[in-house]
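First chain A sits with chain B, and in the next complex the same chain sits with chain C.
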Partner chain A sequence: MGRYILRRLVISIPVLLLITITLFLLIELAPGDPISAMIDPDQAAVMGPDWVETQRRQLGLDQPLPVRYGVWLRETVQGNLGFSYLDRQPVSKKMGERLLPTLYLMAAAQIIALVIAVPLGVLSAVRQYSKTDFFVTVLAFIAVSIPNFFLALGGIYILGVQMGLVPTAGMGTMGSPAAMLDALHHLLLPASVLGFSLAAPLIRFIRSSMLEVLSQDYVQVARAKGLAERAVVIRHALRNSLIPVVTVIALNLPNLVGGTVIVEVIFAWPGMGTLVLNAVRALDYPVIMATNLVIAVAILLANLLADVMYAVLDPRIRYS
Partner chain B sequence: MKNVNETESNDQSTANQQGQVKVDAVERQVTLANQGAIGEVKPRTSVWKRFRRHTLALIGLITLTILAVLSFGAPILAQNSPNTTDLMSISQAPSSEYWLGTDATGRDVYARLLYAGRVSLSVGVAVVVISLVIGLTLGAISGYFGGFVDASIMRFVDVVLSFPAVLIIITLISLLGPSLFNLILVMGLLNWPPITRLLRAEFLSLRERDYVLAARSIGASGTRLVTRHMLPNAMAPIIVAATFGVASAILLEAGLSFLGLGVQVPTPSWGNMLTAAQSLTVMDSMPWLWIPPGILIALAVLAINFIGDGLRDALDPRMRSR
Partner chain C sequence: MENRTSLQQVLKQLTDEQISRRKLIQRAGLFAAATTSVVTLLAACAEDDDDVADTDDDVAAEPETDDTDDTEVEETDDVVEEEEPEDDTEEEEPETDDAEEMDDAEEPDFGEGGSVTILWRTPVTLNPLFSNTGIEQQVHRSLYGAILKVNDQLESEPDLADSVDVNEDATQYTFNLNQNIMFTDGEQMTSDDVRFTFERAINPDTGSIWRGRLSNIEGAEDYDGDGDLEGIVTPDEYTVELNLIEPEAGFLNNLAAFAGFCILPKHIWEDINPEDMQENTMSMNPEVGAGPFKLVQYQTDQFLEMERNDEWFREPPQLERIYMRILEPSVGVAQLETGELDIMQLPYTEIERTEEFDHAEVISIPSPAINFQVINVGRNERFADKRVRQALWYALDHDGIMNAATLGNGTRVLTPIFGPEWMGEPEGLNPYDYDPEMARELLEEAGWDFDEPMEAMYRTSDTEDRVTIITICQQQWTEAGMETELTLLERSEAGDRGSEGDFDIYQIGGGMMGAEPSISALYFTSWNFPPDGANTGHYQNDRVDELYQMGQATSDLDERREIYTELAQIWNDEVPWIINHSPNTVYGVTNRVQGFIPSSYVDNILWNAEEWTVED
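Coming up: the complex of A and B.
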């Protein structure tokens, strides 16, 4: 097992390097350079082009591309992600503030998705080709087909504006002290919207995984022993059919991130999504670059973790 | 409608119970025979027959046809131009003159809705065409040559897939500047990895098949092997993936346009028509502005997804959603 994890880590390193190179080149394509963003144009006009050139040299911008990449990579690895063009704050600090809200939102969405998907997936597998199965399938199709921003707007319109049941923006009520219940109340609608679209692929997956397990011999044995069908399904089949779900959750992570950006913007949620979008609108490249990098690395790690967990959860798998 | 589906379903379940393995084996032999020297059994008619039995897919096809006719017949079907501002009638509720009311600058929402359909549907198709060109080329190279070439292309696919698509598209669009062309280009440039993976997997197994070896042994060139023998037999899963790809491209375009990073006003798209609803007052007081485009996006995407599901069942019975 230890060797397997090690090998997976080693394979990830070139992918990680490629990710950093791609990102670096991408930002290189951007019009202008840090000088134009960091130095007041009026000052530059007064001091003349020579002064600007000196500044460029001091910042190392006259170095060739590979050297600049090397320097950037060295700083990034040490945790220095640069400074925002907008407010001169360290990018790592800005991201640090936004990380937790996004994690709360994504975790809540994932839990809601599982709460919806597991029972529905199991139900439609147990009653394969029944009316229930048909309706669950159609529901899953509907869930992937409704744009999440439309669902969010609809939720705000009906539950927030018309019925006044849930708050429509932010993470907490302005002015009131932070309270657990208030935070959960604010989390409810955005997390449900995200969770609903996340549930669809899970339903389909749990259904097919469950069908496969139900046809296994040991399920037949459990039935033959005279166990109640409920016990067979929940204790014997469900547990094993959930193992591959770990992988699907990890593979769906990029989609979840994308959905989170849109949902955060709609609900004015102070997370990474709103940070990215504001940075994109202001062409704040250090922030854009750092968020992309951090999220790409997070996705890579999540996939790695999923592979490892899969191996831990399913002892039948032997990696050579 | 349900009855039809159920009878079909029952057939499936019996088939499943009676040892799917045996059926598969026989089917494989038959397919192999077909792919070899023996002639084909009019695959197109049988595909259409199986597709027709898939009720949801048929409903999807009809819905999509209606939407396409409405969108591309917009100049005939809408009496007002989508971009003419009528300052005398701003933010009006639906009436006999403006069927779906007007927006804040007095433009006809109904006309905009139809014209927006053109944009949204074409973006979806255009994006998939670009990603097909890239995806099929790289997938064919990867699967045909294998070895080092294959490994490098697959690592590259891993890299592209480890970026969250929405984030990187937003970044690229901010660099290039938002426009219809850039949107299609960027989305097309990022959506090919699944196609590459699919075609590579198909090619890896196809190139070992007897009929390919036979063609190779009588001296068929690499290009001929790929285009005449391997590609046609690998198309079924690609067509299905491309169909689902159109659906997700339409969704993504809508999301980006909603955020103001996709199709730019005044050009209407279903996504950017919803942007106004980000303001709570507009959302509450002018529901005709944002509910119809939202419903049309969902309808179009749902219809295409149903068609994709039907195609999956019709093109290759072995691929049936297990």
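Coming up: the complex of A and C.
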């Protein structure tokens, strides 16, 4: 097992390199350049042509592509992610400010999703083709089909504006010092909106996984030996049906650092999604590269984790 | 820490095969729950830390005030209960208590003046030398003070300078600084600070967006940061003379764009190299300024908080603090409805809904901006004949377009010269009323090739109303025989094609041409071809060049009006651009804000914030 993990980690190094090279080329191929993205046509002219030259020189954009990539790689390996083209602030600082809020929002959403999905998925599998099953299935389809922003705006309007139950945006009440309860209160709506949409596919997944397990022989045996249905479902069936679900959740982990653009923007949540979006709009290479690198690493690790978890949880699987 | 040890223990037990799978799952679940609660706590604590740090840094920072509805916070308890699963782990409780104690210790002290919350957008920088959007610059003016500020009609008004004298041929501007200006750290502001800021702005190493605008100051072109700039003379501590190479009657407007030229404290910035200024932390967290307000904190992507500067050299503001809130406009309207937000620029589509609020009103006023399409006059032979360009204008139903795009919140404008008050709307202009027949006739006369379509490009960054405009234009041009294809481009690509002259029609919009007639010189004079200027259509007319120069050469307003009227008549006949209309600026403002004077230029909301009060 240890060797397997080591081998996977070693393989991910060339994979990461390839990802960064591809990214660098892709950004380069995108039309326009960071300088012209930075300035409004209205203002471009007022600044004069030598402004553009100065910017280009200061940002190192006058260097050829391989040199720029080499410099980027050298600095990144040493832990220096560079400076944003847009505001010249260190990329690590910009990301640092947003990683925690994203993690906080996405983790809460993931938990809400699980809390919704596990009982509903199990329930609809146990009572297959019943009214409950039908209801849960319809609910899951609705949750999958409603776009995030619609749910978010609807939630803001009904719960925030009409009923005044939750704050409409932000991470905390402006002007009051940060407090636990206030932070949770602000988290409630965005996390629920996200959790609701994340729950839908999970419900479907748990339902089918559970159905498969329920038809297994050992479940029949458990029933035959006279165990209460409740015990059969919870102790024998649920545990085993959650094994594939763990993989799905592990593969969801990169979202924890990747964030989600639309919900973040609507709720004025200072997260990674917004950072990435703004960076792409401004062709802010260092930020695009750094955020993608972090997300790529997270995906590779999450995949590894999923595989390892699978082996740990299911004794029938062995890696050598 | 606790978590780490438990994780290590689990791993150790696992490797030693002392732990069953079932146990592992249980512990993993517990670990996940614990991690989440720790993350949650960290987030909360991180915010706490920030607050404390801010209070330490800010000179004479006042205790935090809380103006937002307390009732709302009180309601939290029962709502949060439902979220229990997340903070169910035991080890978290003591820390929660800590957080709450901290809360008590920092019990907000209610300030007297109250606060106002304004819709904002994520700023790129809080250093005025590097900002190129008005929406940021108005905040810079409030924090640093500008040499002159800009009022609601975009005229210069005293700010740091009490007055300014202009000589007759508009080549020398003398600013008389107020003699009692103190920076927030107690240092006095003198002409030295003004000189320093101008020199840094002009120094090419700084990379300031102001360099181009100030290139008319004597010696600016060759200035490299060594010694004094010759065009700036400081005869005493409170007088600054700027000497210009060419006459420039519109210089003050130039200097005032968009909220005013802000002055940096020399004693804070002089030790920082010009090329390091933008990346310095003070560019995001300015600590010392001389404006009516001072920065309390900027919370990334959330809000910026300013508080009254009690030491301000004029009558200090009544208002205790201002929050600049970063929100989507649609959420902004929701917050306007709940009263969380006080002032915002309203999208036209939200006007009707906002008009129904009891506690807020809608203000719609003419703006200095225009919506227009650039025609590629100089680099595309199809549009070289002015009859073709006139036909483009005749083919459009401008009132219809205006109503569709702005829901009636606009004014027809026939040239880029339509203000300010002393200028007024020039006379003797062709209104180009909707006449598709005429358009077709003109096209036939000019030998237009009806079989070859033309391309109109617009940008992904265009607002909804501008998309409406170009879509209707496409339809009406096609009806008049000029088949039109629309191309949607990323802003930077459109910008590149624009400056290379590789386009037919290019939809843009905005600007503040109504503020001062000389501003439009940038778009129609031969010395402003890209990349040196913004004449993307490569329009050239010797008389137009001459008139723009004459207009700058005198500060006599009657003379200037005559010059610009002739210019407008030529422009109106030659049609280098299609101008659709001037869209209104629309604000939604809650009634509790008193003294708010809506600025015609949308990004200058804060111009007289020091005179506002609130009535609760």
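The criterion applied here is as follows: the second predicted complex is superposed on the first by the 260 of 320 C-alpha atoms of A that agree within 3 Å, B and C clash if a C-alpha of one lies under 4 Å from a C-alpha of the other, contacts with A are read in each partner's own complex, and residues count from 1 in each chain.
The working rule: a residue touches a chain if its C-beta (ideal position, glycine included) is under 8 Å from a C-beta of that chain, and two chains touch if they have at least 3 such contacts.
Since the structure is predicted, the reported quantities are computational estimates derived from the model, not experimental observations.
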First (chain B), second (chain C), both or neither touched by A:I146: first
Superposed model, chain A: greater residue contact from chain B or chain C: C
Partner chain in contact with A:V77 - chain B first, chain C second, else both or neither: neither
Chain B versus chain C as contact partner of A:W51, first or second or both or neither: second
Chain B versus chain C as contact partner of A:Y157, first or second or both or neither: both
First (chain B), second (chain C), both or neither touched by A:P101: second
First, second, both or neither for A:D87, with chain B first and chain C second: second
Contacts of A:T168 with chain B and chain C, given as first, second, both or neither: both
Partner chain in contact with A:L313 - chain B first, chain C second, else both or neither: second
Chain B versus chain C as contact partner of A:I295, first or second or both or neither: first
Chain A positions touched by chain B in one structure and by chain C in the second: 30-31, 153, 156-157, 161, 168, 265-266, 281, 283
Touching residues on chain B, where the partner in the complex is chain A: 2, 5-6, 9-10, 12-13, 56, 155-156, 158-159, 161-168, 170-175, 247, 251, 254-255, 258-259, 261, 271, 274, 277-278, 280, 283-284, 287, 290, 294, 297-298, 301-302, 305-306, 309, 321-322
Residues on chain A engaged by chain B in the complex (per definition of touch): 14-15, 18-19, 22, 26, 29-31, 128-129, 131, 134, 138, 141-142, 144-150, 153-154, 156-157, 161-162, 168, 204, 208, 211-212, 253-255, 257-259, 261-262, 265-266, 276-277, 280-281, 283, 288, 291-292, 295-296, 299-300, 303
Chain A partner contacts - residues on chain C that touch it in the complex: 14, 21-22, 24-25, 33, 35-36, 39-48, 50-51, 64-68, 72-73, 75-77, 79-80, 82-83, 85-87, 96, 99-100, 102-103, 106, 108, 115, 117, 122, 124-125, 130, 132-133, 204-205, 207, 209, 211-213, 215, 257, 275, 278-279, 283-284, 299-303, 305, 321, 323, 325-328, 330-331, 334-335, 337-338, 340, 489-493, 495-496, 498-499, 508, 510-511, 522, 528, 530-534, 536
Residues of chain A that touch chain C when the two form their complex: 30-34, 36-52, 54-55, 58, 83, 86-90, 97-98, 100-101, 103-104, 107-108, 111-112, 115, 153, 156-157, 160-161, 164-185, 187-188, 239, 265-271, 274, 278, 281, 283, 312-313, 315
